[in-house]
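Input: one structure, supplied below.
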Amino acid sequence: MSVTLHVVDGSGTYSKREGLEHAPASIASGSKLWIDAVDDDAALAPFLEHELHLHPLLIEDLLEDRPAPKVEDYGTALYVVAHGVVMKDDEICAVEVDIVLTAQWILTHRHGPAAAVESLASELARKPQPLQRGPAFIAHAILDRLVDSYLPIVDAWDDQIDQIEVAVVEKATPEIVQRIFKLKRALQSLRRGAVHQRELLSRLSRGEFPLVSGDALPFYRDVYDHFLRVTDLSDSYREILSGALDIYLSTVSNRMNEVMKTLTLVATILLPMTFVAGVWGMNFDFMPELHWRYGYPVAWIIMLGIGGGMVAWFKTRRWL
Amino acid sequence: MSVTLHVVDGSGTYSKREGLEHAPASIASGSKLWIDAVDDDAALAPFLEHELHLHPLLIEDLLEDRPAPKVEDYGTALYVVAHGVVMKDDEICAVEVDIVLTAQWILTHRHGPAAAVESLASELARKPQPLQRGPAFIAHAILDRLVDSYLPIVDAWDDQIDQIEVAVVEKATPEIVQRIFKLKRALQSLRRGAVHQRELLSRLSRGEFPLVSGDALPFYRDVYDHFLRVTDLSDSYREILSGALDIYLSTVSNRMNEVMKTLTLVATILLPMTFVAGVWGMNFDFMPELHWRYGYPVAWIIMLGIGGGMVAWFKTRRWL
Amino acid sequence: MSVTLHVVDGSGTYSKREGLEHAPASIASGSKLWIDAVDDDAALAPFLEHELHLHPLLIEDLLEDRPAPKVEDYGTALYVVAHGVVMKDDEICAVEVDIVLTAQWILTHRHGPAAAVESLASELARKPQPLQRGPAFIAHAILDRLVDSYLPIVDAWDDQIDQIEVAVVEKATPEIVQRIFKLKRALQSLRRGAVHQRELLSRLSRGEFPLVSGDALPFYRDVYDHFLRVTDLSDSYREILSGALDIYLSTVSNRMNEVMKTLTLVATILLPMTFVAGVWGMNFDFMPELHWRYGYPVAWIIMLGIGGGMVAWFKTRRWL
Amino acid sequence: MSVTLHVVDGSGTYSKREGLEHAPASIASGSKLWIDAVDDDAALAPFLEHELHLHPLLIEDLLEDRPAPKVEDYGTALYVVAHGVVMKDDEICAVEVDIVLTAQWILTHRHGPAAAVESLASELARKPQPLQRGPAFIAHAILDRLVDSYLPIVDAWDDQIDQIEVAVVEKATPEIVQRIFKLKRALQSLRRGAVHQRELLSRLSRGEFPLVSGDALPFYRDVYDHFLRVTDLSDSYREILSGALDIYLSTVSNRMNEVMKTLTLVATILLPMTFVAGVWGMNFDFMPELHWRYGYPVAWIIMLGIGGGMVAWFKTRRWL
Amino acid sequence: MSVTLHVVDGSGTYSKREGLEHAPASIASGSKLWIDAVDDDAALAPFLEHELHLHPLLIEDLLEDRPAPKVEDYGTALYVVAHGVVMKDDEICAVEVDIVLTAQWILTHRHGPAAAVESLASELARKPQPLQRGPAFIAHAILDRLVDSYLPIVDAWDDQIDQIEVAVVEKATPEIVQRIFKLKRALQSLRRGAVHQRELLSRLSRGEFPLVSGDALPFYRDVYDHFLRVTDLSDSYREILSGALDIYLSTVSNRMNEVMKTLTLVATILLPMTFVAGVWGMNFDFMPELHWRYGYPVAWIIMLGIGGGMVAWFKTRRWL
């Protein structure tokens, strides 16, 4: 485990320290503080309980790996679970960040690396304004970076979907269906996460929680807008994929119809002709037409007549 | 970039000037003002920030190209993003107009031409009443023109859908399915935009925002009604297209059934007859019937009897 | 255009006059008044604006042909757009009636004949109570007659649907599918109108509008009940039609299966037999079995044996 | 028509009388009263209007046969339309009971017999407590008995659905589909009624109506629970039937696939073999292989080789 | 029946006794009390009525086996019906626990064993804190253990679903469809129960009921979160199963298409060749080509030419 403290003291000066043990002094001095903890540690739970006085259930939730994004108001502390996403081996993985927000300090906790948090931490050294403005602005900065992790994935899909739309009309192979199904499922999984966070940000940006003050609300509404855009895009992608699937199915069914018509046509023309040829291949002693001078040419005429009649009948039914 | 100012001074006189630099004086003089800005410019952002004192997030949103229509209340300013539509190469494109509304002035911003705004600007010289009545009436005039841009597209679809409905019953070719799918998708894309704006206008016309005063509300409700009509029509078109698709599928499946029945009929009648002909084509030495006087006619009777029996059996099953 | 005035003066006496020009005097005298205007006229718009002092948007809406039923509160006037239905050439057409309701008078406007309004007008001469009780009761009487225009159509469908349900099980021809699709679409179109009016009457009967007084509310609730019944019936008809379509599809697919099984059966039995007959029709010099005494009967036994074996194998697969 | 009066006087004594004419005296004496009226009568309407002072619309509704269950508050009277169900010739029929409830008396009206009301009436002679506690408890007792009429039908379906589930896997005949469709429709019709009544009882049990006092609420909530159970069961039955239908369709489609594969297999193996046999059945003068010593056995080897090759090719495609 | 009493007296000491008869004394002494009753008994009902003074309907509900989870507020007592689940012979069975909660005591009642209750009872001897904190914490502990009974089942499904997803792409046998349908139904049944309880816990954790005090609310919210997770997982499993079914259907339909194409190909190539062979197998006297020197090789060339032409034509249609 590693714990990094970002401190802005009463005079507005930013400093950074490693290790949980420096936190109590910073809090006591009234400094604004961001505690960024990675992974678990024997020391973390007692610190959360005895120094930060967090609710036992909040601590339990924080240390566990929990799925759904949510926001919970514990009075003096606001507990937010938010997710970013990364692509790992063609699979979408959620990156969970737990945030505890009070008027003076903010605690973030995560299992493993989270680009959103790390980029903010390194930026803070240059530009400590968010922490100077207060913990709610640090929370906003993290949420904003989390939603940004959705955008490259959504943009990559945009290209894929365009390809699929073209391919489905031109080739309609089973491989395209596999791709559609795979993309559809990834979409569902991403959308589920984004919808939960959209609801979460809708509540945060409505002014429902006093810890997110009025001047921070437009910033949260901005993040909400981004999540709204992600879910809107997911919805429209899903519709396009459904449409592409319908086109595929209709193309396949048309081709099947053509194949069946060809089979029917060939069989219907040739079976009668073959039968007639079979008849004159019989070995009866008394088959007078076999001995006629023009028997053979007449046989050809009859056979071709049957075939031609069949074709003509097909034309009347508009199958040709 | 170009910026046009439409000013109505205290005595109600309308005048028009080009260039951002004239705006501060007009505002200071208490005149009613419409600032119409096209595209971005280095001068615009500082002007928005230092002269108009807009919120940094509002400025950021305004200058970006953002997708979804929305309304946001920033206290002294109301920020509205609205869309019109134009057809470009058979594709529906959204034309975004950003509107910032205060009690004294209104700012519109857009990337490129927007017929709705331009037609209002040229009309204002002849008829400055909307600006005399206040910025909310300028906003209404723009929204009203934006919704009007939907109507010719919707009307053109009406004809296309009528054609499809007739065609699907008469011909049922795969091309019609392609047209249905294409129209369905354009419908979805247009509907999505219209639904967002309907919600936006529902909020504007409910009297939720003090900047849209009571005497302007019926006008906003009127625009809401127009968007309601657009979404209603989209919904009913979608239902009709779904119905047309069902009819197509049912027609295709009926034809397939006929084809299959024909194949079955022909094969079932001729295979037994061909077999019998094959039997008497065998070269066994001792096949007494081959030497009978009436063997050959009897063979015909037997073969036609089999064929006739098959047809009769089909009739009992009602396949003919 | 024609305008009819129905007046009940202070002493409760009913009288009827033709022509817009008598309206101002009646209003000034404090009489209760119903102005029934058909089609447009140059005189109507100024009258609405200067005598009745209606809002410009209300006048615009009233004179246009507008689709969706709605209710709008303009303070001293309540504006209601309601629809009845008539059957014209097997198509359902909406009959629009616009109603403007104030405490003293009621104005109805329509394009062309509307049975609901006309029957009330002729009844009023015999029974002027609705007008004596006030404009809200005239509005109720019209709405009540409009909903009654739905019932004969719904009842006629009841019979058609019963026929379809029987036919789909017995015959399952493509014609029935066409009828189902047609009825389904008519149902959708009627339902859409009825749902809008149900919502409209739900609002009118909730006491939301002061112009519809408490003693009129139960009457509006009664009309609401009728519309509820119309939409309920439409919903249950739609379910029945969907069920009928499912039965049709399942019947067709069963029949297709039978056809395919027959084809497979016949081909599978006869192809091997025909092959065997073909073998002994070959002209090799040394085919000893051709010269056996019982070669031919044995050939028949073999061929029938193959056929019988195929049938037996089919029976084990339960295809026969 | 028959009218029965159940009276509990001031001293709590229960008595029963036939005929409408005794009602006014009972009401005047302050007794608690249940008036149970069957069918219509010339005397009923005037009685409702002049003695009970009911609203004209309530009277109209009460005497008509109206479909949907509902509750309406007329101030001093509460009007409830509720339904029980009976099975008649395999069809589900609704049994309507209209209830008018005031603080002192309760009126029930029905067209024809209704087991729920009759069983209560006969029980009241032995156990008059419900009437002693007040009209709301009589209404509860009737509603409770009405919901009980749903249970035997729902239970009978439970068995049928179990049978269908087993049958669909084992046999998958078209008859089962007919049964599924029939049951599904009966389910829809029963569910619709039950849902309306669940809503009705939800409102009655919420304490929305002062005529249903606080101590009666738990009893109404209990009836609500029963209706909730009926609709829950209907929903889960519907899901099971949909699942059974899906299994049926999948079974049928699997069988069709097998049939098609068999056909393809047989034709693909035998058509080439038959062609080869046909070749050596030709009558050309110069066909040297016909005169070879081992021509015939070699022909068999070739033909069987072709057949075997086809089978082997099928195996590589996993069709066998 | 067995009844166990868990008592925490005024000094906070925990003790445990068997038998209903000790309950009244404990209640009178003001001790905190958990009465855990299994199965019914003649003594239970009178005790509930006369000692605990429960509402008759509550007692009736408690003793019956009732399906749906719910919460009911009887003023001084809160009645909760909750469910756990166990797997019995591959079937999901609900385990019902009825809970009556007052400020001083809590009563649980169940038919047969319930692991959730028993594990709490045995833990209480070691760790009596929940009872010391009050009845609401005992209720929480039971609900928490009930939701935990869902997790192993859901986890087991996770594996099964992964297997199905792999299998459906690789083999696509009808057996997989049976497994999908079975799992889907088990999912529906589990989900229904979980949704009801999620709603129940949503109400309990909202602070709607005074008997669940503020400091207990976060604990109930935690249980709510667990149920939310169960229903979320069920939903995502259902989507995955639906997706797997779609892939199966698409795979089957692709294979069917291949089979049909093979059949068509073989028949279309060989039928014409067989016909030609049949022609030269006819026995007409005057067929000059039969006597040509190179008649036979030319016949082969013609027949192979027809076959090759068919293959070439197929290639142009992209069927090969």
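A, B, C, D and E label the chains in the order they appear, each numbered from 1.
Convention: a contact is a pair of C-beta atoms (placed from the backbone, for glycine too) under 8 Å apart; a residue touches a chain by one contact, two chains touch by 3 or more.
Every value quoted in this text rests on a predicted model; they were computed, and no experiment measured them.
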Self-check item: Least hop count linking chain C to chain E through chains in contact
Solution: 2
Practice problem: Any chance you could name the chains that touch chain A and chain E both? | Solution: none
Quiz item: So if I superpose chain B on chain E by CA, what angle comes out, to the nearest 5°?
Solution: 145
Practice problem: Report, in whole Å, the distance between the mean C-alpha point of chain D and the mean C-alpha point of chain E. | Solution: 25
Quiz item: Where the CA atoms of chain A average out and where those of chain D average out, how many Å apart are those spots?
Solution: 40
Practice problem: Find every residue in chain A that makes contact with two or more other chains and list them. | Solution: 260, 263, 267, 271, 274, 278, 281-283, 287
Exercise. Once you've mapped the touching chain pairs, tell me: line, ring, star, complete or other?
Key: ring
Quiz item: In the complex formed with chain A, which residues of chain B make contact?
Solution: 55, 57-58, 60-61, 66-68, 70, 72, 74, 174, 177-178, 181, 184-185, 188-189, 192, 252, 255-256, 258-260, 262-263, 266-267, 270-271, 273-274, 277-278, 280-283, 287, 289-291, 293-296, 299-300, 303
Quiz item: What residues on chain A touch chain B, complex-wise?
Solution: 169, 218-219, 221-222, 225, 228-229, 232, 236, 239-240, 243, 246-247, 250-251, 253-254, 257, 260-261, 263-264, 267-268, 271-272, 274-275, 278-279, 281-287, 317, 319
